[in-house]
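Structure first, then comments.
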Amino acid sequence: MDKEVFLETVNLTKKFDEVLAVDKVNMQVKLGEIKGLIGENGSGKSTISAMISGLHRITSGDIYINKKKYTPKNPLDAREKKISMIVQETGTINNLSIAENVFLGDEVRFKKNTFVNRKKMMVEAKKALEAVELDVDVTKSINTLNFEQRKLVEIARALYYNPTLFIVDETTTALSHEGRVLIHRIMRRLKSENKAVLFISHDLSELMEICDSLTVLRDGNFIRDFEKEQFDENEIKQEMVGRELEGDFYRSDYDGTSTGQVVFQAKNVSAQGLKNINLELHKGEILGIGGLSGSGMHELGKVMYGNIRLSAGEVLVYGHETPSFFQKLWKQKDKQNTGNMSPEAKPIRLTNIKTAIANKVGYVSKDRDQETLILEASVKDNLTLSALDKLDSYGLITQKAEKRFAQEQIDSLLIKCSSMNQTVRELSGGNKQKISFGKWIGNDSKILILDSPTRGVDVGVKTKMYQLLYDLKQQGYSILLISEELQELIGMSDRILLMKDGAITKEFHRSEKVDEKTLIQYMI
Amino acid sequence: ACGAKSNDSSEANDSDKKQTDDGFTIGVMLYNYTDVQGKEIKSYGDYLAEHFNVNFNYATVGTSEEDHIAALENLIASGVDAVISGYDTSLEQSLQLAEQAKVYYGVALGDVRDDVSSEYFVGGLYNFGEKPETIGAQYAQAAYEAGVKNIGVTSFQEFAFVDAPAIISGFKEKLAELDPANEITVYDTEYHMFGPEDVSSAVTKVISDHPEVDAIFGLGSGMDFVYPAILNSTKPDIKVLALGYNDSTPAALENGSVLAAGTNNYSQIIANVFAQLYDRLNGHEYTDWELNGSVDYPIFSSVEEVEDFQKYIVPGDKSNGAVTVEELKQVMKTFNENATWQELQQLTTRTLSEIKEAR
Amino acid sequence: MKQNIGDYVKNIVKTFIFPFMVYGIILAITLIAGESGYMSAGAFDRIIRSSVLTTIIAYAIALPLSGGRWDFAPGIIIILSGIIGSNLAIQNDLGPISLLMITIAVAVVLSLLEGLVYILVRVPTIIVSLGVVMVYEALSGIVFNGSGAQLFMYPNLSILAKSPYIYGILMVVMLFFYYILTYTKFGFDTKSLSVNPRLAVSMGVKENRNIMITYLVVGLLLGVAAVLNASTVLVTPANNLASTTLMFSSMAPVLVGLYLAKFSNMALGIFSGALAMNAFSYGMVVLGINGSLQTIVLGAFIVFFMAYTVRSERAAEQVAV
Amino acid sequence: MKEVTHINGANARSGGLSKFLQFTKANKNIFIQYSSLILVFSFFMIMSNGDLLSVVNLQTIIRQLAVLFIITVGLMFVFSHGNMDISVGGVIALTSMIVTFTLNAGASLFVATLVAIVVSVGCYLLNIFIANQFKLMAVIASLAIMFSTRGVVTYMVSTSNESIKVEDISKLALFSSNLTFTITSLIVIAIVGIVLFNYSKIGKQNKAVGDNPLAAMQSGVDVKKSKVISYLIAGIMIGFASMFSLARSYTVSENSGMGLEMDVIVALVLGGMALSGGSKSKISSAIVGSITLVLLNNGLIMIGVRPEIVSLVKGIIFLIVVFFILRRPRTEVIPR
């Protein structure tokens, strides 16, 4: 314990709206060591690092640098304190040149008597990029770089200010092997220069290899510190997940059997980022899809929903031909049961979203706020949007029908909102999530493609969500559960398919024996 | 009561509009009241309002038919007894409205085709006199005296400026007559749209097609558009024969860059229409009435003339202007039993010099 | 470095090839049609000098537009500041420089006022500017009892619109525009804000500050434009939102310019676009195309040009990613 | 983050008050929209000591309302997409011209009306086709349409040797003098508009697309189709409107329909529309807004405002309305 503490947080807390993202966290980052930060999705890792680097304001608690209080208002403050961060999401702005991105928001540093010296900027940018061994024309637009290269640019930006604290938030998942090796080397170099590194990753083995100490977070709380010599994979995981898989959290049964009836199917599907995928979803089954971001599992979800064009193969849904307009008119009354997969259901080629919805396939995107919800619109409008056809009787959609429909969902999912006219933006994460479920459940979509359904919701809701998923399963809904959270997959799925580099690498059936360690091998 | 159109029209009016005790209200419809035209018309109106038992409601109207009709309706609704419209925009429909509302209607800034008629219509005005050719002739005279040899002509297209061809032909004929030796050439007319940039394009084209051009007869806003365009061209020394007048005309005539300029006699125009409307409102009608009256188009080619113009035609105090109240009353039936329409026309077609004498 | 300069030249050429193409094609047609006028000094003068005014106006419109801000006000600001500036200069018989200064000052005030209202009301500029236009149009009819401005009558004052001075002005404005966009914090902020406001703001860019500077710059540009405009044509007060048409009529050079800007920079690109459009419009006059048909051709031109550029851009993106 | 503090503030306050705030917040648009109408109405009511409501004037107002009202309702479907249209003036001119030719060729009023709708629909479908096909901003496409339509009309006017006008004006009597028909059509249009906008897939999908095309698409909305439909509706209504327009003057000139595009925008803003489209757009903006604007123009002449300051008054009223209706709370970035 001879190393001196560079940064220390005391009861650091962050609330988003009402969501408690980080709760009284006390942790230290020391010079000359690489500190790992680990925890499930939504455990608060990014939020902590965001507060340290001035991207988010602190709600309460303090940060100290060399024992001096430090309250950053924007990234520039952090920069002054020699803190640089690489954010989880993309931190570059399109249409700007590479050099401009390197010095985004800090162009003044090249200012001499009112004019910014671009030549100098270019030269410096070039220098900065050398650190990440990226040899490109810095005057070119950033658009000419691929995702990984853009990450490298961000890294270069961070390193340029030769930071005393270097924060890396889940960047490695985005990088190729070479990229990883490179950034590992960088972190080690900084360490040898007696700088501090805060490294966030879901990849435990990577962390254990690189870090000198680990801090485990869970649901925004500080759980425990591990020193290198204490590293023990199972123990760490134990701490991450916390409780044993209690019944009320994930489902308790281990009955992975489901009716043999196939309702949804991918045959030799290939598309952007996907190679020859085959899968079958049965009635009343929860089929988990796991993998690292970049493994193609998110694309798979879109493919199954008809949102990405296939280059080969086909997606089949077993249902009824979309009823013609006239049939609809006749069917007005018995709409409710058209959804059910009656035995003689025949395979229908799912080519676009329309057929998907017509055949009762629903999709909740990973990027809920951008792709699934209309934040400016009311709870009611959001719930009804995908069910308009159902509500539509003879071309009219009455307020009454809408209200009834919306109220049904609000009640059955216990959506917490001041009224069904409240705009969704104002809702809490969990309630938002419930609404994106409600859209489809209300539309009797018996097949649900849920991409990271518990992403960004607090543990309270998670429980509700898992309970809900289980109830849906019992009611004969078939669910394609795509998730980065292995615990979630293990806890909820009847079967798990693991993906890597756009292909399915392994299938597991539900059993007590399945655990993260075994799964991870097939993902990395 | 309103059915029988008795001599006392105020009674007739009582039925559907309030007869304001401070006399009649006359609506005026113009695109704007900021250019010379608008300002002159407004100030002469104010002058009349002082001396007659009327007041004016000046409405700014948009250029579209829709806007014109709407403005007219609004004026009628506001209870005007008569309307002076600058333009013959959708005339039939306007007259229909006027009749329904028993409102008299006159067109000030143009003559009207004789296929329209209404007992509430006092007709239009030949703004360029009965024969536009004579206008052209006067400009020809000025050009000849100035000794210019190569003359370009620019103008709005005919659909926008109906009298243009007549004026141009008058111009050419007169020149031919003045210059039998044919030393003066007049180039084909360059027609253009309404924007200043259109005009300067036209001028540029004239210049580059005929590098020797030494004068341009500008019928499309000669002073407002053509003159600036020439000053701004590669040959700013080209002389201008301008249909049009603005504050810069005197100086331009003085420095000789403008050979002749002319403009409508707005006092005469309003006087003419007003006299007829006012008579009708008081239940009088000329026996010798004709659809289109006429006014003079003063043209001035010397500093003296333009000074006279300012003194006797567009003075600040209209009682020294082209048509004084006294003169006007003389030819109005309301004030003079045996006044005739012809006399009115004589009064409103007086030339600059005649007016000068009368003062 | 050498090869660098080579690129530089290449980009300039790429930027200006389009107006030359337009000119060349029309020239060919006119010559075939037996018209000589298009090659005359007058034609050049007309095209190039009116391009100067077009360029400056286009700058003033393109700057907010690049940040997704539609603005109707430039037309009336040019008119109003032109009227006030000219008349003040004439009445107190001042020199051309003082004229320029006063007009610019007025334009800046008018423009900043608009910016202030915008920040205050926080409603899209297209709406705010509409209200501002109504008020300013009214003022244009009231100040100097609505007599507009006749600056062109005063050779000593209108000299700035004549060569060589006008080209001097163009140079200055261009350099100013180029530098402020390329070499100042404002320029960088404008760029990042226009692409991704949220990220930019989270990176510490001050948006309000940027907006006010934007309107300051717009004011400066419009002031210069106002002087050139008043020096060449009669300025009359506007009403019935007539002044808003300037935004639309300037759209063509702006769009063309913004595309050509990709090859070098906005300053040059827009000038090139202005040249092209003026060559184009005057070409139609020379060809004796009826004035009303010209607008049809213009409409078609916009569509095809935009269609072409959008296509090529998408192609480019495919290559990139 | 501002949002949060704002809310917490609200929550902190006493239940009743926060309830009230909630209520005002929820219904803000609605009664503020009417407030602009009320403002203008009462202002001129007082200034014209009651004449505003005279029978004559009411008829006048209704006549003037017809064209703007129908157009604005129609274009509401376009604007709620966040698109802007500035071609309506030109389209009306072109349509009226072709209708005139049709009528003069001896066609019946019914046929003429059909032609009107076909032509205007044609223009608007072309507009959205260009926009979709070339991935253009719809406003740029409409700019081109404006230039072209206006150009065609001007050309025809300039080349025909007598003015283009309806010979047998009795044919248009239905649209011109029959006030009952006018009122009925306005009511019908209003109802159709309201139903389509609030009680049908079309309107709801429209708003969704205006807010977030991506989410709308993933909820099964065919974005392109929804746009085409909205332009189709606009086209139909504007075709119908041009019949009223023509019936006002029976003549077509290069100035026909001039400035309508601006009237529509002003009307929508006066009606409380933020022009950015999405779920905030309300069909009532079109209805209330067009009425307000007509009242405004009518009132200004009724009370004989000096011509110099007419547009000053207009501008100030406009800004007042904008300030009180549309003023937005602080957000991290200022709306474009």
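First chain written, first letter: the chains are A, B, C and D, and each begins at residue 1.
Here is the rule we go by: a contact is a pair of C-beta atoms (placed from the backbone, for glycine too) under 8 Å apart; a residue touches a chain by one contact, two chains touch by 3 or more.
Remember, predicted model here, so these are calculated numbers, not experimental data.
Asks: What is the graph distance from subunit A to subunit B, where chains are linked when they touch?
Replies: Each step joins two touching chains, and the minimum needed here is 2.
Asks: Measuring centre to centre, with centres taken as mean CA positions, what chain is farthest from subunit B?
Replies: A
Asks: Could you state the distance in Å from the CA-based centre of subunit B to that of subunit D?
Replies: 37
Asks: Roughly how far is subunit A from subunit C, centre to centre by C-alpha average, rounded to an integer in Å?
Replies: For subunit A versus subunit C, the centre distance works out to 46 Å.
Asks: Return the residues of subunit A touching two or more other chains; collapse runs of consecutive numbers into ranges.
Replies: Not one residue in subunit A touches at least two other chains.
Asks: Can you list every residue of subunit B that touches 2 or more other chains, as numbers and ranges?
Replies: 32-34, 60, 62, 157, in rising order.
Asks: For subunit C, write out the residues touching at least two other chains, lowest number first.
Replies: 141, 146, 239-240, 291-292, 294
Asks: Sort out which chains touch which and give me every pair.
Replies: Pairs satisfying the touch definition: A-C, A-D, B-C, B-D, C-D.
Asks: Okay, in this complex, where on subunit D does subunit A touch?
Replies: Per the touch definition, subunit D meets subunit A at residues 1, 3-4, 7, 22, 26, 195, 199-201, 204-205, 207-208, 211-212, 214-222, 278-280.
Asks: Touching subunit D in the complex: which residues of subunit A?
Replies: Interface residues on the subunit A side: 15-17, 57, 305, 307, 353-354, 356-357, 363, 365, 370-378, 381, 384-386, 388-389, 392, 395-399, 418-419, 421, 425-426, 439.
Asks: Would you tell me which residues of subunit A are touching subunit C in their complex?
Replies: 55, 74-76, 91, 93-96, 100, 104-105, 107-108, 111, 114-118, 141, 143-144, 146
Asks: Spell out the part of subunit B that touches subunit D in their complex, as residue ranges.
Replies: Against subunit D, subunit B makes touches at 16, 32-34, 42, 57-60, 62-71, 73-79, 89-90, 92-93, 101, 157-160.
Asks: State the interface residues of subunit D toward subunit B in the complex, per the touch definition above.
Replies: For this pair, the touching residues of subunit D are 48, 51, 54, 56-57, 60, 63-64, 67, 89, 157-160, 165, 169, 176, 245, 248-260, 297-298, 301-304, 306-308, 310.
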